[in-house]
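Both of the next two complexes hold chain A, though its partner changes from chain B to chain C.
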Partner chain A sequence: MQATMSKADARRLKKLKLKAARRDQYKRFTRSKGGNFFYTLFLILFGLFSILPMYYCIITSLKPLDELLVFPPRFYVISPTFESYLTLPSLLDNLAVPLSRYAFNSIFISVATTFLHVLVGSAAAYVLAKTNIPGKKVIFAIVQMSLLYNAYTLEIPRYLIYSALGMIDTYWAYILPMIPSSMGVFLMKQFMDTNVPDALIEAAKIDGAGSFRTFWQIAMPNVKPAWLTLTLFSFRDLWSIQPAGTIFSEELKTLPFAASTIAQSGIARQGCAMAVTVIMMIPPILVYLVTQGSVTQTMSSSGIK
Partner chain B sequence: MTTNKEPLKLVVKRKEKFSNNIVYYLMLAPFFILFFAFTVLPVLSSVVLSFFDFDAVSTPRFSGVDNYLRMFVQDDVFPKALSNTLVLAIVTGPLGFFIAFMLAWMVNEFGPAIRTLLSFMFYAPALAGNVYFIWQILFSGDAYGYINSSLLSLGLIVEPVQWLKDPSYALPIICIVQLWMSMGVTFLSNISGLQNVNPELYEAGAIDGVKNRWHELWYITIPSMKSILMFGVVMQIQSAFSISVVPIALCGYPSINNSADTLVSLITDVGTSRYEMGYAAAISVVLFIMMFATKSLLGKLVNMAGR
Partner chain C sequence: MKNDENKVVDTNNTEEKKPSLSEILKAEEAELKAKKKAEKAKKKGKVAYDINGNIIPDLNVKHVRGIESKKSWYGFYFVLPWIIGMILFFLIPLISSLTYAFSDVVPEDGYMETTWVGMENYKFIFQNDDTYQLNLLSSIGDFFTQMPIIIIVSLILALILNSNFKGRTFFRGVFFVPVIVATGVVMGLLTQSYGGNGAIIQLSSSISTDAYSVVGTGGGMDFSELLNSLELPEEITAQLNIMITDIFNTIWTCGIPVVLFIAGLQTIPSQLYEASKVEGATAWEEFWYITLPSIGQTLLLVIIFTLIELLTKADNPIINQAYDQIKNVEYGLSSAMLWLFFAIIGAITGLIILIFTKTCLKRWE
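Showing the complex of A and B:
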């Protein structure tokens, strides 16, 4: 078993390498040199402009007090210092419960909910894209339409539902509403429509794979870029979650609550606030690099030849 | 024997299909139950609420179509918010979609490492969180604001311009900021979509006479990405018609002469500070109808690409 696996892997690798070589070759015919130059220049300029706010946060968090007070704010720092970061630990006393508790809440909620969100959404998307069960068209139409309804107006009805289900002031208030996302199902469904050939599913069925296994082992690997991207969207939203009016206990609150408490105290407030912002940015950036790194490295393969 | 075999097979097949369907419904159930509870029910109750007078405390009182009439007859802000919303949607919707697609397509030309780096830079505003302050610094109304001070030193203006307070500048500035921020969900889904296009199609295209990247884009890339583009269209409609965070952050609410108020900022105001939930729901319904009409129209357009 082991031997055949690695043999198959080796064969696949060889194919991919061949494909990569060919990829460059066809580009020789369809790309002009001047075009390439113009593209690169344009993208770098636009990219630098886009990264400005993130750069500004980092720069500001490194400014000493006197530079923080300069107006208008400068986009560079003369004598960088970690002062703002070093005062953060002393500000932790202002928190109602230990920092580790907020951190646990944030990590638990973000990781568990992202996993459930992607799994539940993809399973639903698979059914909507690749089966013929009665009612699927209606459900998909509702999913799309729900995206267009203003979310703010839904807050009061949602609050009534949370309290009817006894979700107020529990972890459920974070988790359950974030699992079903119309956007996630819509995204996954569109990808499965395009990238999971029916013939592949038929073949899996003939080989005796059950419906769930076909979804998990055949459909999902073919839409890897899509669910990696969905993971990022979900994690990013959950990491900054700060529900209003549904969580009251301090020990159920998340890091953004703690972050805003810390940011409001201390002498060099602006510097500390920026330091907190920079630290809070790190996990989404890591998730971005991990997920998108593998999205942009996947060789497209339709999975069937 | 052989004559009995056929019907038996059919029965087995039907049974199999039936049990398959049960598995499919089970796979759909977790999503659908939660979706129904937290989205469908709230939307339905909001639509019902739009025909009531409701201040979030006392019992709702049926008021027929009063809320809808009020929008067009009594409310002075609504027409302005409606026209601002339409202007912003018409400008930022198509342009934002175009930018998100073209940049994704351009980024996709590079090797994996540069591709990841560039898309990280473009997606950075979404990762950095609150990014409006940078625009407040740039467009600050005094002589020290970056734009004012550079225009002053170039001699193009003689006194500082109140960029964010002047009604004639508010909408264009919001458009710029909104476009700059359009590199979010649509951009990354386009990147993934481009990654999923079968490269054999490009090879075949190059052999069959695709001469340049624009040909390739029109005849191969876009047709292979239709459903992902449709996703982008819907997300773009949603964000273009729902602009409210940027104008509130930059120009405040209510803005001078309501020059930057939009339907969603009006909805938020009516609901949060005036507690008129029925009226807020009615505006949401009108907004929904506009978005849905746009979506139906554009859906047909996407299908025409590549012909």
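Showing the complex of A and C:
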């Protein structure tokens, strides 16, 4: 039979196989056609809902003044302009501090605190998950408990501590309280428990790696998705941080403060408000691209298989 | 010579004579005592001796002396920064706020003047304020209805977004970026949550709460306005408004659980799926026997995270009520309100963790 197959048939067969292979490559979660349809619908519908406000915001920031005042608001822009962006600096003239200072504060605080938070949190999580220090259980109980208390309960006594430590009206008031936030420890410990095998750590120790080296070169690469996710969350929270009674100097305030000042300046400034919102969106998106881009890559599976 | 003879006789005697019952009992008792002693000593970390003064070797104890024990103390340097921060910014404030809950608090210059009043604050809350109890019930009820929906929707989304299909990266972006971007002021500006009575979406950390009050006319999307402009009958508009708000709430709360789930899904070794494929498992079986058990820890994490998000978000009625009390300089009352609320949350969380680890995690191991 094989011998009788013509060249054209062989080519067709090859094509079919290729097609099947390609289809396999992009196999979705379910295999049935109905399931595929349902999931596609789910994705598109939910996706639309989730992206719409952002899309509208970008469109609004590009609208000229006469289009801004149209009712009902349009979902498209006829003659896009960057006017709103260009008038931003002049809007803050009466604030004594240039917009760049707010931006610098925000970036500095977010980056420094995120780095310290991830480092301190993972180090603590590593010890809690992988070593036998005395009092381990008590510490983890405190971690779990502290997750449930939000800042309101502690706001007033915390303020007293800030003032006792002389942290009021300094960068420390932003940075220090956020470092020991227990979300990081909790998240990292959950991932380290399952994803850093004890045997791997033992092997590293036998090979002569010190505690820090074991943590930094063995444990951390194994939970890369976890700490990248933590970085993203931490940055996201810190980027939107606004001083609540702890910062009074204008030159220490953050971008969200400037953004809300602009937003208060009336309906005619809608374009500017949206422009500053767009600017505020950029850094978290960059962090997202960097962190999630590498999360989707294959995990480091070196070591034990 | 004589001595030797005696010894021989002695041994002969003991061999011949059967040990009496009392002697056996005595011996057993001594053995038990020695065992107990050894256990006690083990707890204290000391070496135990038997009746003859020999060291009882304890085979169950790992020998943690020497380098190993030094290393385990070395671990303290790893936790130390975190512990210091925790004591300063969590434990000390926690204890003082607990004392506030049972005291009359008067702010002085740099410190708080507290007078112990026992349960007076709670009596006041429950006798003079009906809203507190209603708020308590409603926020806990909301939590139990929203939690399963959020977990299921975000798990489905995570599974879809983690599978291989064309445009996966794009869709991930579509779902995450708005959630990651929209916190605090940006959120307020985007949805104009205080501008109109449209989509009220709040998913922010507590720090940025003040953002909402200052966002006036942001110019973001206002759904009620858009719906009104469609000129549908009023009832339909109202219904649509509620529906849209609900969907928005769900999607935007799902963002973080989805990210967490995907991080968890990424860590499942692909060999497991290959093996299941070889065995001929269906997608459904694959999910129940491989995916779900493998992300057990992540699931617990997501449950706790969702719980915290739902119960401590800025629009929680209890928190708002307590915050009003702070503004009225009634620190004692506000602390009392929050402490009761968080005691309840703590109990719920503890119960969930307990049930989850005892049933699901154990079975999945």
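Definition applied: the second predicted complex is superposed on the first by the 250 of 305 C-alpha atoms of A that agree within 3 Å, B and C clash if a C-alpha of one lies under 4 Å from a C-alpha of the other, contacts with A are read in each partner's own complex, and residues count from 1 in each chain.
Going forward, a residue touches a chain if its C-beta (ideal position, glycine included) is under 8 Å from a C-beta of that chain, and two chains touch if they have at least 3 such contacts.
As the structure is a computational prediction, the values presented were derived from the model and not from experiment.
S.K.: With both structures lined up on chain A, is it a clash or a fit for chain B and chain C?
M.R.: clash
S.K.: Can A:Lys137 be said to touch chain B (first), chain C (second), both, or neither?
M.R.: neither
S.K.: Who does A:Arg213 touch here: chain B (first), chain C (second), both, or neither?
M.R.: A:Arg213: touches no partner chain.
S.K.: Who does A:Ser163 touch here: chain B (first), chain C (second), both, or neither?
M.R.: In the superposition, A:Ser163 contacts chain C only.
S.K.: After the superposition on A, what does A:Tyr39 contact: first (chain B), second (chain C), both or neither?
M.R.: Both partners, chain B and chain C.
S.K.: Thinking only about the overlay and not a real complex, which stretch of chain C clashes with chain B: 6-14, 42-50 or 114-122?
M.R.: 114-122
S.K.: Identify the overlap between the chain B-contacting and the chain C-contacting residues of chain A.
M.R.: 26, 29-31, 39, 42-43, 46-47, 49-54, 56-57, 71-73, 120-121, 123-124, 126-128, 131, 133, 139, 142, 144-150, 152-158, 161, 165, 176-177, 179-180, 182-183, 185-187, 190-191, 193-195, 211, 215, 223, 225-226, 228-229, 232-233, 236, 240, 277, 280-281, 284-285, 288, 292, 295-296, 299, 301
S.K.: Could you pull out which chain B residues touch chain A in their complex?
M.R.: Interface residues on the chain B side: 20-21, 23-25, 27-28, 30-32, 34-35, 37-43, 45-46, 49, 56, 103, 106-107, 109, 112, 115-116, 118-131, 133-134, 137, 140, 144-146, 149, 180, 183, 185, 188-189, 191-193, 195-200, 202-203, 205-207, 210-213, 215-216, 224-228, 230-231, 234-235, 237-238, 241-242, 264, 267-268, 271, 277, 280-281, 284, 287-288, 291-292, 295.
S.K.: Across the complex, what residues on chain A touch chain C?
M.R.: The touching residues are 25-31, 39, 42-43, 46-47, 49-54, 56-57, 60, 68, 71-73, 120-121, 123-124, 126-128, 131-134, 139, 142, 144-158, 160-161, 163-165, 176-177, 179-180, 182-183, 185-187, 190-191, 193-195, 211, 215, 223, 225-226, 228-229, 232-233, 236-237, 239-242, 244, 256, 259-260, 263-264, 266-267, 269-271, 273-274, 277, 280-281, 284-285, 287-288, 292, 295-296, 299, 301.
S.K.: Spell out the part of chain A that touches chain B in their complex, as residue ranges.
M.R.: Per the stated touch rule, the residues are 19, 22-23, 26, 29-32, 35-36, 39, 42-43, 46-54, 56-57, 71-73, 120-121, 123-124, 126-128, 131, 133, 139, 142-150, 152-158, 161, 165, 176-177, 179-180, 182-183, 185-187, 190-191, 193-195, 210-212, 215, 223, 225-226, 228-229, 232-233, 236, 240, 277, 280-281, 284-285, 288-289, 292-293, 295-302.
S.K.: Would you mind writing out the residues of chain C in touch with chain A in their complex?
M.R.: 64, 71-76, 78-79, 81-86, 88-94, 96-97, 100, 110-112, 156-157, 159-160, 163-166, 169, 171-191, 204-211, 214-221, 225-226, 229, 244, 247-248, 251-252, 256, 259-260, 262-264, 266-267, 269, 283, 297-298, 300-301, 304-305, 308, 311-312, 319, 322-323, 326, 331, 334-335, 338-339, 342, 345-346, 349, 353
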